[in-house]
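Structure first, commentary second.
Which chain is which? They are A, B, C, D and E, in the order written, and residues in each are numbered from 1.
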């Protein structure tokens, strides 16, 4: 679970609700408005369904969930594991790696190891794992595109909702005392749109992009390591080839540990 | 018929009209405003006609209609068919494919098959079908450009209409009771522009882009398959060459079926 | 004369003026406002003069006029003509083409033919006509850039004008009855800016871009044809080389006619 | 001095001030507002100082001044001069060019000539003058970037100023008669920001870009000519090599003159 | 410490506070509003935490601090130092450089020198220092991305805050005298967002970009110099190789000094 995301969402909503409670002196009822939720939520959802295909639209939920829940293994761990596998491969041959596979939770790594066990050659592994990485990137970039579209769509439907409220209110302005209340109700819609876009859709799209970059680097490192093992490199060389992906600071930390 | 698009448009309008009915307590008359429709619809149409040529402007309707109605065949079906054709070609020669053509509904596939029957060589097929794909892409990207322009133009003409309403109302503000009604009428125009742009033009432009990408992949697969048959590849190889276009998940599903 | 542009501008203004007449119940005087015209027109013109050079600024008028008035010959006609010239060249030699030149209205085509008569070789023609095409493109893209800038500038100066009106009105708000009229006058300026930008400048810039693309294709086709004649290709080959620029549909229409 | 720029700025301000005089019926005092000038001018200047370095910030003034005052020599003159130098070089040797240098006002041309006198070879001249051109372009593009930033910053600080005015006015709204005047004062700030950005910063940034392109072409032509002289080309060839930079129209005008 | 940044921030806030003091006739209390600070500050911080990872978010502070405090050595000094090192290397061998390292404050330069002392060859130095430069650029560009995101996020949350204030105020508009005060309080939020974005986040992001470019040039020069020493170039050549990075003006100033 990504801490910054959870913290950001929770603290963000606490700040917003706290301010609402303070500003409205406790009478927060007006900020809870079913038609406003229907317009902003419904409109954005429908526009997203029109823009994308049914499958892409339903896919975004699982992509986002995965981003929030799945933790990318720290690069140091991947290197350490791969160096171990290289040692096993050297000592006992590729078949001995088979008993390591059930212990692995990352399906990408276990796929790579399975190919080693099956005796696939370096270029075949390179191709297949590379395709897997590209496919992951496409799914993530589609998710980011959908979230960005929702972030642009929500404020627009919020405006549609506010306009409906304003027109309704203005068209039967008999009682001037009701003007204030009518405008307040209309503006709640704008508030919903601005809040959901800026606290959820836009930053979640950004996080998905960051997550995709980090996962790509992690997968590229594993691919590099598996290929090195397939080529028969010794454990030290496998580790060095994977370290090229790390920044200087990280690399020194690893050296210190090893 | 694309389900997500149909559902999105229908549910979207139901949500909007439902909110209007709820907010206006049933007196929805003010939301139906002929001059506002004239300004937003007429202005956007005229600006689009000035921006594009007459032929491009009229073409967008047919492109959109096709996007909504024509269903792209699932890649698995295309592969299955092509593997069959390859088997027929192997067994009975290219001429035997002629009786398959009348059964095909996709004009691109039937064109490819006709070329096989006519004995065209691989490079010729590659060139001609490639050109066909490029031409389809250009038509679709022009349609997307027009829809995007309409999505930007509609809110602008909505503002023009609202300004006309406001200026008219303000210039003869004798009866303060009429201010509210006048402003409501003026704002209906802004509402139309925001609604049509965000629920129709912009997401439809996006869907056209998605559709174009999917159709391109489908056509590229068919081109690849026809070329493989022309080269005399065996049915298995034809199927494998076409599967390169599919993601890993899809590919496994196909293997499982075959 | 481009029909879509003329129709778009005329119908567009008819719709706008019709709505004004309807909304203002005939008292349209307030919508005709000299200071507003001065600010929007003058401001946009001055900013454009500062942004571009004097020569570029004056050039945009002629480019736009040409776009509206000059009709690009249909590609079929160009091919037909060029096939004829190729036949004459074959039968009677290049000098016989000289008597065709006075009949030609397109200066680019007549320049190409003159080079054939003068006996210029293929590469020289390619270079010179290519340069001519590039020069045309630069002029058109500068025109598009100026129109786009005017489309962005007009609403800004409209806002400047509206602000002048609002400040003046608010600073001497003795008679509350005059507030409405003052605001109406101020908003007319915003109306002018939005209208001229969205119905004239922005779509005209777009049309210029479309026109430039079409003219480029037409000129490239002529260049290709003239070069083929200079190389001594037979009429059929000249026609085929030019047809490469056309889409499949067009090509079949030509075949049907020939 | 660039005529279009001068005319644009002067006529632009005359139109604005004229409209103000007309709209405010002579009482223009409210449009002259020291705090508004302080916020828009001071805020924009400070933000620019934070964004860029001190040296870049001070450099923009000299770049803009140069753009307005220095006139780029017409290409025909450069060609004529260079043809003369080539003739002198041929007749009397490179050293005879030394007495031409003091007559030259353009430092770039005199640098090129000095290199010829010093006997530098073609490639050395190419490198050094090319570097000089690149350095000029960088300075100009930095100037354009600063002006564009100021054009975006001015309206933002104008909004800040207007908000200060509005909040102050609203927080002590005892006398309703003063509301109008307070709002007018607040809006003057928005007016300043929109005016200065759209009549000065944005179009001046555009002009700097145009000027930079024109100066680059002029310098490239001189570089080409000096290199041709260094290579020992005859005067006619020198002239022809420089004419390649000119459009067809210009070239014919030169031919007619020569 | 960068003078322009410090001056810009301080003068900027002095101008803003001065205008507030003048406009509000001393009663500045309304401009200090805890809930507004909570919404703008808290919302922007939370959205940034969601968008980026925890480590990136915390890293931006140190990057910005470094930009403000660390001064990039003038290129002339770097050249002078490197020429000295080259002379020492020539005279006394690479090991004699070891006693120079403790005197150096720039960690990049001292790393380069250490590699010389260790006898690393040219290509190894090129690779390692090049990687170091790339890593610095990535950190800076991430910092710029975060600041730009905050510059876009702050005005959005300011709007959210203003909407909360407006809705609260409008929903219990019993006392018309309080409307003004309520609106003033609501607008203070918008003011905060516009001010912090335009005076801090956006220009600081720009400055970080400028700083990154300058630091990159300085590091590239040092890399070039260290490589030249490793290759055994004489001091004059080392100086010349480094001067290629400088503009003509700078170069002449250095020649004059040397």
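Everything that follows uses one rule, which is that contacts are C-beta pairs under 8 Å (C-beta built on N, C-alpha and C of every residue); 3 or more make two chains touch, one makes a residue touch a chain.
Keep in mind the model is a prediction, meaning the values are calculated, not measured.
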| item | value |
| --- | --- |
| Least step count from subunit C to subunit D, where 1 means the two chains touch | 1 |
| Copies subunit E and subunit A - interface residue numbers shared by over half, same or different | different |
| Averaged-CA centre spacing for the pair subunit B and subunit A, given as whole angstrom | 28 |
| Distance from the mean Cα position of subunit E to that of subunit B, given in whole angstrom | 46 |
| Touching two or more other chains - residue numbers and ranges from subunit B | none |
| Residues of subunit C that touch subunit D when the two form their complex | 35, 38-39, 42-43, 45-54, 56-57, 131-132, 135, 138, 149, 153, 156-157, 159-161, 163-168, 170-173 |
| Touching residues (chain side subunit A, partner subunit E) in the complex | 2-5, 7-9, 11-12, 15-16, 18-20, 22-25, 27, 30-31, 177, 179-181, 183-184, 187-188, 190-191, 194-195, 197-200, 202-204, 206-207, 210, 214, 247-248 |
